[in-house]
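Below, chain A partners chain B and then partners chain C, in two separate complexes.
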Partner chain A sequence: MKKKTIIGCVCITLATVVLLGFLQALLVPKYMTQSREGALIAEYYLEKEPDHDVLFVGDCEVYESFTPPTLWEEYGITSYIRGSAQQLAWHSYYLLEETLQRETPKIVVFNVLSLKYGAPQNEAYNRMTLDGMKWSSSKIDAIRASMTDEESFASYVFPLLRFHSRWKELGTEDFTYLFSRDKLSHNGYLMQTRVKGGKSDIEPSPLADYTLPETSMAYLDKMRALCEEKGVTLILIKAPTNDWKYHWYDEWDEQIITYAAENGVDYYNFIPLDDQIGIDWQTDTYDGGVHLNVYGAEKLTAYFGAILAEKHGLTDRSGDAELNALWQEKLDDYYAERNAANE
Partner chain B sequence: MKKIICILLSILTLFTFVSCGGGEADTDAKKYVFVSGNVTVKLDDPAEPILSALGEPRQYSESPSCAFDGLDKVYVYAGFKLQTYPQNGKDFILSVELTDDSVATPEGISIGAGKDQVITAYGTPDSETDTSLTYKSDASKITLQFLLRDGKVTNIQYQKVTE
Partner chain C sequence: MQFTSLSFVLFAAVTVGLYYLIPKRAQWWLLLAASYVFYFFAGAEYLLFILYTTCVTYFTARWMQSRADREDAYVLANRDTMEKSARKEYRANEKKKRFRILVGGLLLGFGMLAVLKYTAFVLTGVNGILSAFGASGINIPSLLLPLGISFYTFQSMGYLIDVYRKKTHAEQNFFRLALFVSFFPQLVQGPISRHSSLSEQLFSEHSFDGFSFRSGLARVAWGFFKKMVVADTAMIGVKGLVEGSAFTGAYVFVLIVLYSIEIYADFTGGIDITIGLSQMLGIKLAENFDRPFSSRSTKEYWRRWHITMGTWFTDYVFYPLSVCTPMQRLSKWSRAKLGAGLGKRIPVYLATVVTWFLTGFWHGAGLNFIVWGLLNCLVILVSQELQPLYNRFGAKFPRLVASKPWEKWQMVRTFLLMGLIRSLDCYRDVGRTFRLWGTMFTKFNWGELFSGGMTSFGLTLAEWCVIGCGVVLMYLASRLGQDEPVREKLARRPVLLCACVCLLVLAILVFGAYGIGFDASAFIYDQF
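Take a look at the complex of A and B:
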């Protein structure tokens, strides 16, 4: 009788775990056809023996503005973008911490726009960065630093607690990608081939206080210290896009210039360099000047690649046969998607 | 066997029907409403009837979010600017910004007014700095902010507090 009870309990437990595991796999967002940005963070783990010269961290202004295949093709520089939608400074720090456990790039590039946020903003964006991270002490710390008031740590451990009500929204994608996902990015670059030219001339709203928040600046400093400890050069950048909604104020720029000068960090603000880079706002943006499309991103990457090679001494590794073969595959995938858009 | 099925169904029910909700009524809503002519602009209201009533804007622009469908939109009218946000295929009012002294708040404050006039009209602010007076409605999650320079109002913003 006792043996029967134990077996019954084990069966119930196993069945429950399997059922809950299945439900979780079914109900979590897949990010394959909608909000594809949500798939980017997890894709990094597909890299076999990651070894990149340059690692980008930051928000949409990194994964929409730089194309690793171009950096390889034109300069023989290997790179990966660990970017995600509205990636905040603490997300970037913990992603960097986690990535530096896996590889040691020569240069880390951080886009400064997210420094304007001093507090967690939005649960949906948190999910797009945090759910894709593999479990580690960095992920635990990232969740703790990122949660909005309405979120719970348990919901990150068991996403089913958060997404149980998604059964009403289930679509074909949820069944197609129940147990596996497609690879969407090119080393973290999410390609946009559409063209929607133009650039708004609407004035951004003035602010009561232009001081960049202490919290985000503290995480920038943690990134700087971490890079220093690991012997990695940190470079700060601001992508050339400057919309009324995602505006980079001159007052913020001055603070970053000061921070960079005081800490011996290079900072490149590409906003005033758009002509020099060759960006044509009629053809190089897919959403009226908010983000670059692939044509704009290739121009910016080519421009930045020259800086990385000439000023920061990154050498051309295209002579390495093994690397060449690996990147040829990546270039083939890249051009297949790019050219498909033109057919 | 029946017991096992009951336990599994209970667990499923627990995960399926847990929900959150709630909210409290705004008791101080009037302060956070802008009026242009005979058009009342209330934050979080559907944008379509308000935009129709306001007529053709002087300038218009739209901006996509980084990852989600829908567009944030901005409409520029004489003296003020209105922003909308998308939700479930419809646009709602996100913010109103008064940009020159040709318009005033319903309480009679326009750009150029003194800090004291604001406090007389609106009472003690919820927060105050050298460059701003801010009034907050926790219930409706709206702020009304008066930007100041040398004790004079330079900009007025009704804003929905986003997460």
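Take a look at the complex of A and C:
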């Protein structure tokens, strides 16, 4: 084959690869205006030198229930939430593993709701958690642990294979955020300012078996061992909810209490403490009691901040000028969004 | 491992790469190993069935061959002492013995196919009769249907008949025969090859030929495009039309056209992958299509569509049946009783009916397939009977029948007629199919199609555009390739070919109907 032919073929192949890269960037969902929780995991990497006292891991109950700016403002405690929608126990474990390679917080807080799931649930939620992770051995293991039967590893390496059919539904968002994304969260907290109170009268249905799945409990144990190895304190929590669909059964609670007692881990179930925290289910939720809105989240954060400071000895770092300047910026952003919603 | 899976692409790439790296004398061993690995991944339990067919074919052929060799040796040794009539009688006797061996082999080979493919169908029929008499039915066992069993059984049995007819020599090496039966590119959906043309290519040594490789690669990419972009997108609409009970009248017409597009893109796409991949390995397989939708009659259509199956049935069923002793007796009788004209045609027509019945039955164990075969037969026979009428019409209007519009009309007519009969394959239920055909003439809902109807059965406007572009591209490729296939023209200009392949890959990756949100669909002919 002539040299000219070889060069021509190489150029065309390279151009195709570049075009494929462009198409992939265009076709993957941007999560900027819809399903915004899909953007949360990737935002962690925007932290230049991550240094947090507290790391929250878990599902929507974490990124909707705790506001790191409030924790800083009231207690001088730095924190970050590595949470995403329906983040399962193994997602949380591998995210924790990856995060602990970047920083060593004093406390890791894990929300226990996801322990009820023993198997991969939903491909869309897998993508929201896993696509946002940077490539590492933790991500590879997380993908392997999470894939549903219909998924393939190749589609995580080349998301185009998963999202190619979105060419039919491309919108302005896809072009606007083709090369850069907005920052949506406040250290992993996704602000919800709407108010939609209420309580369902429906009683949760009884279950045939209340045993928490072995798989998820094994990942909880791995999280505990990892924290122990890194010298980090693990705290288990259950965020408050007021909806029958996401009911936290007493039988599940007892298993967590037993686990915590056996392993010397603190566990706080905030469901029965809602009055003490001051949560008003008419004003502090944006979806009828499933999740807290920003007003409820601030109350819970203030309550939990006191526990962290008093019981777990986290000190006020607001005297650190550099840290203060950094967090002041975060607070400004936080209040800008909060106030904009109130106007 | 489906043809359209990423694992198959990697598997094929590794096989082709290794094929040219290893010593040439080991190439066929690599193909045998690759074929069995491919089949293993299709289903480990399927290996037993292909091994069974290989053993039956090998030992039957060897037995016939040894008898034929002995016969020849005996005749040769006694050529001076043996009378011509004695020699003839001896040969006839020997042929009878070989025929018995052949029948045994065919029974064993086709027997397995019959048991696996048709048991449920037959027992369902028996149960229907039993229930009519109030008797309890027989349990219908759930049997495996190994991938490509119809294709490799037909290819193997064709080989046995060729050995019997002394058209080909029985393979001495068991492993060589195993490769002939299991050659992985053609295992799933043909073409049905002949031993005389394939074996030499499989076992000869192949050096890398850039032109052949490039042309094969382009054909593979084109095949993937047809299957994954056109056929699998059209399948969404076909499925919607078949599953929805409200899609009658004009929608039946849409189904006929859409399914014709789907099956053409699906089957020719699969064959393009098969032949293209074989070409990359230096092996030239028989063509299976010759622009079938440009046919002007049903007979012509069947000379251009699934050619290797058509010739198989012609050579191994129709001709032997037409000249067999009972048929000759029938011919004699019918000439005497019904006159020379009709009497001569009766045995031919009977052989045609049997051939088409078997063709339908080969496609699937279902009444719809039998009716499909017999309707094709009916159209062919009626056309044949009406030929004198056509001739008279042609003589009266010579300019009309020689004109382009007339030619186009004949093509459209054949396309629609074949599509209509083919819709039995979609609806499956014969009664429902006939009722739906009826609604085309009783329910005039064409207006609905243009007021949202075309996007009411699963296909979006965007997907219709993809199918439309695919059809235009397939038409252009067919037109431009009349004198020489487009891929071969391109293979002489490697840079242009590279650009075309890259564009096809891009189109497949973006517009292909694969992955989550789409039903993973096997090739339609995989199930036959």
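In the analysis below, the second predicted complex is superposed on the first by the 341 of 343 C-alpha atoms of A that agree within 3 Å, B and C clash if a C-alpha of one lies under 4 Å from a C-alpha of the other, contacts with A are read in each partner's own complex, and residues count from 1 in each chain.
In this section, a contact is a pair of C-beta atoms (placed from the backbone, for glycine too) under 8 Å apart; a residue touches a chain by one contact, two chains touch by 3 or more.
In this text the structure is predicted, and so the values were computed from the model without any measurement.
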Contacts of A:Thr16 with chain B and chain C, given as first, second, both or neither: both
Partner chain(s) touched by A:Ala321 [first = chain B, second = chain C, both, neither]: neither
Chain B versus chain C as contact partner of A:Ala154, first or second or both or neither: second
First (chain B), second (chain C), both or neither touched by A:Ser165: both
Of chain C and chain B, partner touching more chain A residues: B
Contacts of A:Met128 with chain B and chain C, given as first, second, both or neither: first
First (chain B), second (chain C), both or neither touched by A:Thr5: second
Touched partner set for A:Ala336, first chain B, second chain C, both or neither: neither
Chain B and chain C contact sites that coincide on chain A, given as residue numbers: 8, 12, 15-16, 19-20, 23, 123, 150, 160-161, 164-165, 167
Residue numbers on chain C that touch chain A, as the complex places them: 6, 210, 460, 462-463, 494-495, 498-499, 502, 505-506, 509-518
Of all residues in chain B, those that touch chain A in their complex: 4, 7-8, 11-12, 15-16, 18-20, 59, 61-69, 72, 74, 76, 81, 95, 97, 129, 131-132, 134, 145, 147, 154-155, 157, 162-163
Contact set on chain A toward chain B in their complex: 8, 11-12, 15-16, 19-20, 23, 34-38, 59-60, 85-86, 120-125, 128, 148, 150, 160-161, 164-165, 167, 200-202, 205-209, 243-246, 287-288, 290-291
Complex interface listing, chain A residues touching chain C: 1, 5, 8-9, 12-13, 15-16, 19-20, 23, 27, 123, 150-152, 154-155, 160-162, 164-165, 167-168
